[in-house]
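Chain lettering (A, B, C, D and E) follows the sequence in which the chains are written, and residue indices restart at 1 in each chain.
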């Protein structure tokens, strides 16, 4: 059953999953911010291009994207052979960005008009206004849905097991195929570990939320 | 808050205009929201150093004038002239043309505004609220901007609240921070839009004290929209009565309050003074 | 709305109790929300057919009395007795015990309530609002329930609004539908909680007309919480003045309004009558 | 490299697969919508001893990967005498997984029904069943239709995972073609395109629902 | 700048690069006893073991291994996901159109895993085709898929699984009536399942166009890597000729199967 070597391999899988989640989370966060702000752009072309991005990733299936990027893309051009980790990070990240876009846009729009006007009155414009005034305030209302989004992304990392990345799910499948773990213990272990990772995300996001509230002076 | 501290404000505020010259001019300014005409071919002028009080019934366009000056609204027609420049236009070969955002931004720095609902930045301490724009916008080194912000906050009686976030300040304290914040940008013209009307009655005094200090001891041009008639009388050089997007009557306060010429003004003053 | 139509209401309302017997009794009823004691060992009685008006300052517990009777709140201690049964308890071998939900449900059918904010079902037409419960709860065949609902709505002057959804009715019309809806269940006791205070002033009259009609021409027991003192005087058999969860004073309206005994009552009446 | 002939040859199979995907989604939707409603109602009416474990289980299902849940149902349940086909497994997994989302949506809808509606129902002695079916839910459900719509589109997007438990859906057909004929570019691309052709109109429809039924409360 | 080497565009052939770096990537399908991951995740089994031995002779001492569902081995090779298929893949004309094969290093008959007592009497693929009620589980992309369809079995009868183990679990769960694979693989899978209710049918050679078709497996290479293919194959032939393979793979249950591959070439299997 759960011998030392089995636990070691599961730990390796968890580590890959965490790396993947952290990197995809970073790509996804960046994509969400860029796309969310692009959705608010005054340029029609930028808004339109952004809408195409959002609709594409919200409309298509992550698993099909992964298969396509892993098996089909290199056939188009050998130079487009990315490692499974790269494929996973980019596909999961861009998918997350497609959903995060709406969160960012909504949160930015929820900052009161008065904040924009006060900034204008102080000649704080453009980038500075977004960077120092509006965005920091929007973060607070972004955090709860962002936490849920991170969990969705974490769940999505399981898909990379289907493109040969030795993530947690792959390790579980391999252990089961090698007969080291029964189906029942392999899959139960996976579910429990993923649940634990998800709870950790919830915990971290809650902490961030409290920090953000405090820096807004909303909580002692 | 000691009187001594307040006098200090005047020392911190300098304006580079000659007293008595025209500094703001509205020329046939028209602004409508949909079908509602809010400024109706409005003409009026403000002289440098003047303390102008604007009164009028709700919806008469008082806020809109200030917002147009602050570039928060763009007029549909007419010209707004501030200290040597047209605001949304530039003169080229004798004709007025739409100005670039850069031009508008430059003119904007001459004007400061204090809002009814403070609009402080909730995620910054009082100190940072005041120091932020001078540092980031005017490029004053951070240390210097912080020092000046501290002096300004002390001068409005908030030396002990430097590190508080706005949510932990009372309404009166918030509004004083907002005034300090606007002053820190050293505007030539300051706009005040009913800055006491969102305050609990017992907090109004501390804000009026600061305004009074500014009015009496600085040469700053001030446009105040207010319903505090006593205060208007005390500090105003001139009072403008507004209705339907037009100037109904203007006069020095003693004259306008004691002896209004127009029927509409009488009516309005009657209603307002009765209410309080 | 013709007077003729209104008289009709009385014909549609029957109550099966003998006039003058006690129908509602509160015995040392206590109810607290957290630390706030809202009903403080309250004792009082209502006789069958009586029109009882309850007055008192805000927060004195008036609504809470009605809500306890309607089983929307459960008292912490004491007994509520309605037409032969205890409400939340049953007597077994001489001792009161907690009653089953079935028992509570049975007693509940004796009572109807009209709310300040109508609480009509927004997804049903006026007709269905009134016919729904008689059909589903009392088991009256659908056709018959609809016919009775129609008659009731006509009697409150809404014969032409049968198929309207509540969102298309005025406040006064909504409240009349709500009254018809409560009457359709043929309760012995009707509770009215400030049923006109959410209405535009010009719509109050049409609702009071219906209440007046019910009060004068039916033998239904009515408990009304209201701030309409004139109306209370006109239709009340007895007025109870409440404060701090206790009865301060009770008397026929002429007596209580013209000649209150208690200081608290005087104070309250003074404040209320001045306000209107 | 890109051969249209392969595209034409694979389209019939992919189309067949897409129908399987849509069927699984359809049954999954039915299951998720009804199960979610049941969970939301149980959460509201049951005592703490039932509610807290239920919340825990829903949280668990919602925060673990659907793929692993599919494997679990497919490979572990037979140990306990429950052997579902790949398709049945897929429908159950999709339905149960997404019922944890729809339960939240329904809950928000139920909570948005004003207290006065519950109280008026009590005042009219309306029975609990009637109260739920005739008073509360008819008001709660319209307001949550847009949020539900979004999850139903999300569900469609997850449906290709069923290929991992032998369901020959659109992705399964693409895999088959890829491994039998060694042409992978065209079938995977066309699977993606066919899928977009369904899911983009679906999400467009969901957005229409949003404008039709107003902002969502979920 | 260094990355340019990776894409094989300018920096020499796969073989040259592998010899230079001393490292190469192989793909296998987690199918005992051909290629599978041991408890520590290391690639082992017949094909990886032989491949490692030959690669060492070519001066390539480090072998990175990737587990891929069987059906994705050829697409994965072509997509450059790995450089050699070391999964004991059967050599047949269809596959030869896609990739290059080394000579075979073993030949093995087919078999089925069935319920104990073989109640449905499944001995060959024809038996399956003859009874539409029979459902057979086959790893995606396995030759058995082609065999079954050539015999006339319908899509409804065939369920494709990512791995033979998944198919084995389905057999144990009663989802399919039989699983098809090489007799060695069936043996290994039944061992893994350890279920007394299951048994293996006797091995048989599939008959195609009246001729018994041998199931002989070798190593797969991209068509563009003919130098790697040739270098590898030369060493493999030498190893076969010196009876060097058997000792390497005995521990995986191979004996006669190795001898059966003697004298057989990829060329003949590709045109069979």
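Following the convention adopted for this analysis, contacts are C-beta pairs under 8 Å (C-beta built on N, C-alpha and C of every residue); 3 or more make two chains touch, one makes a residue touch a chain.
This one's a predicted model, so the numbers in the text were calculated from it and none came from an experiment.
Least step count on the touch graph, subunit B to subunit C: 3. With steps allowed only between chains in touch, the distance from subunit B over to subunit D comes to 2. Taking each chain's centre as the mean of its CA atoms, C is the chain most distant from subunit A.
By number of C-beta pairs in contact, A-D leads when A-E and A-D are compared. Centroids of subunit C and subunit D (each the mean of its C-alpha atoms) stand 47 Å apart. Inter-chain spacing, taken between the CA centroids of subunit B and subunit E, is 83 Å.
Chain centres here are Cα means. That of subunit A falls 46 Å from that of subunit B. Shared contact sites, meaning residues of subunit A that touch two or more other chains, fall at 71-72, 75, 162, 176, 183. Residues of subunit D in contact with at least two other chains: 75, 164, 175, 178, 184. Within subunit E, residues 72, 75, 78-79, 166, 169 each touch two or more of the remaining chains.
Chains touching one another form the pairs A-B, A-D, A-E, C-D, D-E. Residue ranges of subunit A in contact with subunit E, taken from their complex: 3, 5-6, 8-9, 12, 70-75, 78-79, 81, 84, 162, 164, 166, 170-171, 174, 176-180, 183. Interface of subunit D with subunit C (complex): residues 114, 116-117, 119-120, 122-127, 130, 134-135, 138-139. Residues of subunit D that touch subunit E in their complex: 75, 78, 83, 85-86, 164, 166, 168, 172, 175-176, 178-180, 182, 184. The touching residues of subunit A, when paired with subunit D in their complex, are 55-56, 58-65, 67-68, 71-72, 75-76, 151, 154-159, 161-162, 169, 172-173, 176, 183-184, 187-188, 190-191, 194-195, 198-199, 202.
Contact residues of subunit C toward subunit D in the complex are 70-72, 105, 108-109, 111-113, 115, 117-123, 132-133, 136-137, 181-182, 185.
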